[in-house]
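Common to both upcoming complexes is chain A, partnered first by chain B, then by chain C.
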Partner chain A sequence: MRYGMILDLKRCYGCNACTVICKQKNGTPKGVFWAKVYATEVGKYPQARREYLPTLCMHCANAPCVSVCPTGASYKREDGIVLVDESKCIGCRSCMLSCPYEARYFDFGAEASYFPGKEANPYEVAQASKRKKGTVNKCTLCVDRIDEGEIPACAQVCPTQARIFGDLESTELQKLIISRNGYQEKSVVGTDPSVYYLPR
Partner chain B sequence: MYRRENNSPMPKSILAVAAILAILGIGSWIYQLIVGMQVTGLDNNVVWGLYIAFFFVVIGGGAALLAIVGISEFKNILSPDSKSRILLLSITTFIGGGILITIDLGNPIQVFRIATSFKFQSLLVWDFWLLALCFFLALFYLVKVRKDNSGGKVYGLISIAAALFLIVAESFLLSSMLGHHLWESGMTLISFLISAAVVGSAFILLLMPDNRTVRNILLATLVFSLIATLAEVFTGALTGNPETKTEMMLLLSGQGALYFWGQVLIGLILPLFLLLKSYKPIAIALLSIFGTLMGKVWLLALGQWVQGSLVYIPSLPELITIIGTSGIGVLLYGVLVKAFEPKASPKAEQTKMSVA
Partner chain C sequence: MNTKNHVNILPEVSRRSFLKGGLALTGASVLGGGALAGSALAASVSEKTGKSSKWVKSYCGSCIWANCGTEIKVVDGVAVEIRGNKEHPSNKGTLCPRGAAQLMNLYNPYRIKAPMKRTNPQKGLDVDPGWVEISWEEAMDTITEKIKEAQAKDPRKLMKMYGFAGNLHETPFVKLFTSIFDTPNYSMSCGPLCEVHHAPAMFNATFVDRIDVGHCNYLIAFGRNLGGSAMFASGPGRALSDAVDRGMKVVVVDPHATPDASKGEWIPIRPGTDTAMAMAMLHVILHELNTFDVDAMKNRSNAPYLIDEQGDYVRDQVSNKPLLWDEADNKAKAYDDPTLTNPALLGEYNVNGVSAVPAFVKLRESVATSTPEWAEEISSVPAEEIRRITQELVEAACIGSTITIDGVEFPYRPVAVTTGRGSANNMQGMRFYILTNIINLVLGAIGVPGSLVCAANARYLFEDGMMREYPIAYYTTDREEKFSIPQNDYTIKQFYPLSRFPILGGTMGAILDPQKYYLDYDIEVFFPYGANPFINDADFETTVKAFQKIPFVFTLAYHMDETTMFCDIVLPECSHLERYQNRPIEETMVVGRDTIALNGLNYKEPAVDLIYNTRQYDDIILELADRLGLTPKLNAIYNSFYRLSGEFSLDPGKKYTYQEMLEIRLKGFSGDASKGVEYFREHGFLMKNKPLKECYEYYFFKGNGRLPIYNWRDFSAGKALKRSLDKFGVKVPGWDNMDEVMREYTPVPKWFDNYLTNPSDEFDMTVANWKLSPRNLGLGGQDDNVWLREIVETWEYDGLNIQINPITAAQKGLKTGDKVIVESQHGGTVEGILQVTNLIHPEVLGFPAQAGRVSQFMNPISHKGPNYNRLLTYKEGYILADNGSISVSARVKIRKAGVK
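Here is the complex of A and B:
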């Protein structure tokens, strides 16, 4: 069992529904995006086009964030999901430096309210109470939903099904990766990410 | 032959200034504890800044001090009193390093968690235990020197090895971070070793301003540091990959230029000039330490820089906290010197007489 995600770049058209649902579900502070979509412009007019690269924590098989963590706060579940135990995190931020995918964020103690000068609404207050100032946070692959038999929110909300969640060791996903020449981002660093990209 | 050494207690005026700075620094740290790390210049791109840079400088210097005392067991370059003073300074730097890490973690209890995790897969845990080892080695060395005037060759060798391991562990700590190509080369280790030697000899110059050997060692280490720094930056700027080239150009003429030229002009060339032309030991030592700090700041800032973002600039609370930590260090050293006043043991007296 190795949970992961396949991101079909042919299908992603940069609507950022994944970005928004992730923020909504997890109540991450301003500037923090566990799921995000990078947009780049390719080519020259009249052949110019926009290309999108959806990202999230890669939940690497050889997660450097897990090995550098001095307290074991960053850990890997048997199903391959990499998580942070905030009660053990000392905020040394070495996991952030070791992550080649910039998938980790530090809680600098941001205000609960998203909008400056405005009071936080009850939902923001509830979400902020879950955060721990001075610790590191990251995409959990919606582990709470997975444990209840659901799929991650970003995969569920994607209108084009560009985010495909599942067991990477399953025949179905293996076939998909092979048939579409799936690749891993920055595979040269040897972290063996659990996120595969299907080229355009 | 031993030279004139500054063994007098620290002047009260210096201690008073250090106390004021320490109070300011503690106030700034409390402010950071209450408001959070958002008061620093750090963000989600640059997560290690001035505190870690100063930690590398201070710990490197402390390790070099321990190594120099170890070397003195093989080459008679230090008197027992000087060894005591240097070891006291080394102990002070290790405590100072501990304070800096505590400040950077934002909560004193977090340090305890590193100490009790025993997760030796992490280089940070190695760094912690090597630092603890060097601290206790320096402490026991001090006791031994005060008792027998010497630590002995075995103790000297262990101290040199432990100090070297500590510096190597710190450079590996940076080099092992994936995706930061500026730190991945062997230059990181070289620069850590050279900067430790610079800071160590600068520290000793503060204690022994008239010692010609220390002066020559500092001169040599500053020249090495200048060559290594210029070689690293200009090689990157002229022949490196596009990413390295962009970073080095930022250092030479962009947002990082203040750190780089601050290091080269104020922290390397100026002390070299003063060493050769008009000898001002205190200024030379302080400038050398400042230059090393600038070097570490740009190494960290550029290593974490991402395209399209601004180069890291420390915030005012960070600067005040760092200055305050230096004040705490001076105070602590003053207290330790007072507490470990060189006692006139019969053996020590005998050595002094034979030297005279």
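Here is the complex of A and C:
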């Protein structure tokens, strides 16, 4: 059992529905993006085109964030999901330095509201308990949803169904990765991400 | 008003269901779902926290096509999450970024919280109205009194306006307002920039045509979003993705490389020159390749109709039916003559002493000299590219082949040349849209599988053997009979007989100077709702003066936008998550095999208790009607709008709440007393899908009506207009050269140089504008949604910058990050930050989406970026003469800010 995600670059149009739903479902503060889409252009006019790279925490098999964590706050579940136990996190941020994918964020005491000078709105108040000043946060692969039999919010929301969630050890996902020449980002660093990309 | 939330709270239900090791894949993915949906009425009280929690079924309110089913998680009365409804066949659990961001629309502290009246009589975009809070009673009393006073003098003194502002015009009472309140006067802030409805009406009997990408193999898009560029989650994005996965080739002809183009091929073009390129494509088809669908020409189009030297149909002297020439026995025959065997497409004939040629000859002649080399000069698209894509298109059309669907044999033409606002809302844009449909028709690729098809619930009328454009309200003969001076109404549509919407520039001009526009009364009470001409349209300075002149203006609004700055009373509106409403499910623009036949109804009710002292539009209308004694009329109009009768219809004599009216509407739709509000509350929607064969209008047309390759109807509309103007001796403001006006009504393709293509002054560039996924039409509060704005500024590649090609930037000594000023040939200027990119034509400045809000009462995040529409104009003489729209482009010059 190894939960992960396959991101089909042929189907991604860079709409950022994943970026928004991740913020909404997880209540992350301004400037924090557990899911996001890097957009670039390639080629010279008129042979130019857009390329998109949707991302999330890679939930690496050999997660450097877990091995460098001095307190055991960053840990890996048996199903492959990498999480941070806030109660153990001392905010040293070693994990952030070790992450090759810029997947982690530090909570410096984020503003309670997205609206400058305004009080937190009822939604923001309801989300407030998810944040802890002085600790590191990141994508949880929506572990709460997975434990309830749902799929991660970004996988459900994707209007072109470019985000495919499941057990990477399953035959279906293995077949899909092989048939489409799936690859891992920055595989050379050897972290063995649980996120695969299918080229366009 | 009743704000009670009707969602059932059931006893605690265990929804926990842990994934087993064997459950390999639960993605809403190409490999199929497997996820466990929350049940419709699932509600529970958490053991840990003691909090009550429920999922409320709803549908999205963040774009014009509110198809997507949603679910809102409410914990202790607070909406904490929105997700797509996985059971909904449109969006299948997905959402676009706009839909995903709607909680920040609901909980936006900049919303209007109570009724307000102004204390400062001076009005302006930068004038503080001096708002003071008043009661609903006082607000409604004042409004009622003002309407009564004005309408006692003349009912026409009341005017309505709507269109694409912060809120969605999803309610039936937007369309029905004028008939209920007995005034012909309405205006639209979005209309002049939405010129995409005439050609679909003519060729597909539909308001917005749809591309059948479920079958299409070769798709050429001119200035059109295919569902991915500005994402639509209800089906277009998924359908496009599926089609590209399947191998459909996408060719995007556009001044900028869209996300859709990046999945296929991008052909950059100068804005406003599409007609030249399409004429060259038709030239290649008819003169170089000489390959077309002969059967479609002879039997599905008016190509064989005989045309006389004046350009009119040659008609039978007795029956008045248009005549064709039958080559089988060399006789002229009516289009419906049972002996008609082989209609002639070529040749010259003498009928009733008149010399005539088949319309096909006229069409061929019209493109005889429009070679790709000629078009290259005008459009900048290389001739060999025009030839190549035209040849690929013709080859992919599979002319002659058929496909059987639901036991019906259809021509199989898996190609489409499609047009969007970027091309149609431009010089000769209406003609251009028609021209691309002529190309489709010449290949037999319209209304058949794989091509451009109608939307659900199209209705068909036939006249002269032709399909008659149903959704177009005003036309030729009717128009000529109704033409009156003084004008009856402020829409100014009678001078623009092909217009779909009121002519905003004309209306504003007429408010300022009624006599000039042949009007003999003033507007005294004005009700803009969901309308913002200051941001959504051109020439805001003129609009400001017009709004200032009207004695009493009131609105119902979600936030204090630019329109509210001119209102005497502002009523606070519910956000779309706090309303009772219904909306048809009709998949739009781009359809796949899983969405083409969808047809149904969405329902929603407030997910949470009202946050502020707000009401929804429908309640306001019901109350106003009641106060003015119009309830019986309103009920009768409601019945007829929804075609309600018998058991499921309103009693005209009874006063209903909007919720009660919805209950009857839902039962009327389902035809089932058990499927009213309660059913819809549980499921969120009800489907009544179309049979697949009825999704292709060939099924209805064949043998009944032909489509126009020769545009006799528009041509006649122009002649009728000229007759009316001459009869009354009227000169339309701005029309100094009637030849230039009348040439727009050409029945066959024709190219004219125009103010975009004749750069004879210092304005050396052209501007283009497009939608973004996090900001399309501005509906649903996109400009001040904190999440969407953050995405636009952080992750959206196009952002809020002004785009320029590196070649041009180098020539002008400009670089990314430069602060620049762009000045339009029409006088408007905007300031912005430059972004150098290869994704834009070298002669074009690109403006993604729309920004630059000016209301000081809105969240300041909305003020950033340029407001593109300031570069455009609706001035007299610049309004497109046949349809009343305006060009989405203008010629401009650019300089660094601070440098003269």
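We adopt the following convention: the second predicted complex is superposed on the first by the 200 of 200 C-alpha atoms of A that agree within 3 Å, B and C clash if a C-alpha of one lies under 4 Å from a C-alpha of the other, contacts with A are read in each partner's own complex, and residues count from 1 in each chain.
Criterion: a residue touches a chain if its C-beta (ideal position, glycine included) is under 8 Å from a C-beta of that chain, and two chains touch if they have at least 3 such contacts.
Every value quoted in this text rests on a predicted model; they were computed, and no experiment measured them.
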**Message:** With both complexes overlaid on chain A, does A:40 touch chain B (first), chain C (second), both or neither?
**Reply:** second
**Request:** In the overlay, answer first, second, both or neither for which of chain B and chain C A:123 touches.
**Result:** second
**Asked** For A:62, is the partner it touches chain B (first), chain C (second), both, or none of the two (neither)?
**Response** neither
**Item:** Chain touching more of chain A, residue-wise (chain B, chain C)
**Value:** C
**Message:** Between chain B and chain C, whom does A:100 touch in the aligned arrangement: first, second, both, or neither?
**Reply:** first
**Asked** Counting only touches as set out at the top, which of chain B and chain C does A:161 meet: first, second, both, neither?
**Response** second
**Request:** Once the structures are superposed on A, label A:92 by its partner contacts, choosing first (chain B), second (chain C), both or neither.
**Result:** first
**Message:** Just checking: does A:16 make contact with chain B only, chain C only, both, or neither of them? Give me first, second, both or neither.
**Reply:** second
**Prompt:** First (chain B), second (chain C), both or neither: which does A:153 touch?
**Reply:** second
**Message:** Tell me the contact category for A:187 with respect to chain B and chain C: first, second, both or neither.
**Reply:** neither
**Prompt:** Shared contact residues on chain A for chain B and chain C?
**Reply:** none
**Message:** So in the complex, the part of chain A that touches chain C is made up of which residues?
**Reply:** 1, 8, 10-11, 13-17, 19-21, 23-25, 30, 33, 36-41, 43-46, 48-52, 114-116, 118-119, 121-127, 146-151, 153, 155-167, 170-173, 176, 200
**Contact set on chain B toward chain A in their complex** = 35-38, 42-45, 47-48, 104-107, 110-111, 113-114, 117, 119, 121-125, 128, 173, 176-180, 304, 306
**Prompt:** In the complex formed with chain A, which residues of chain C make contact?
**Reply:** 15-19, 21, 23-31, 35-36, 75-76, 78-84, 86, 91, 93-97, 99-101, 103-104, 106-110, 228-229, 231-233, 237-238, 240-241, 244-245, 257, 259-263, 266-268, 611, 773-774, 786-788, 790-791, 794-797, 805-807, 837-840, 842, 859-860
**chain A residues touching chain B - in the complex, by the definition given at the top** = 31-32, 64, 67-72, 88, 90-94, 96-102, 105-110, 133-134, 186, 189, 191
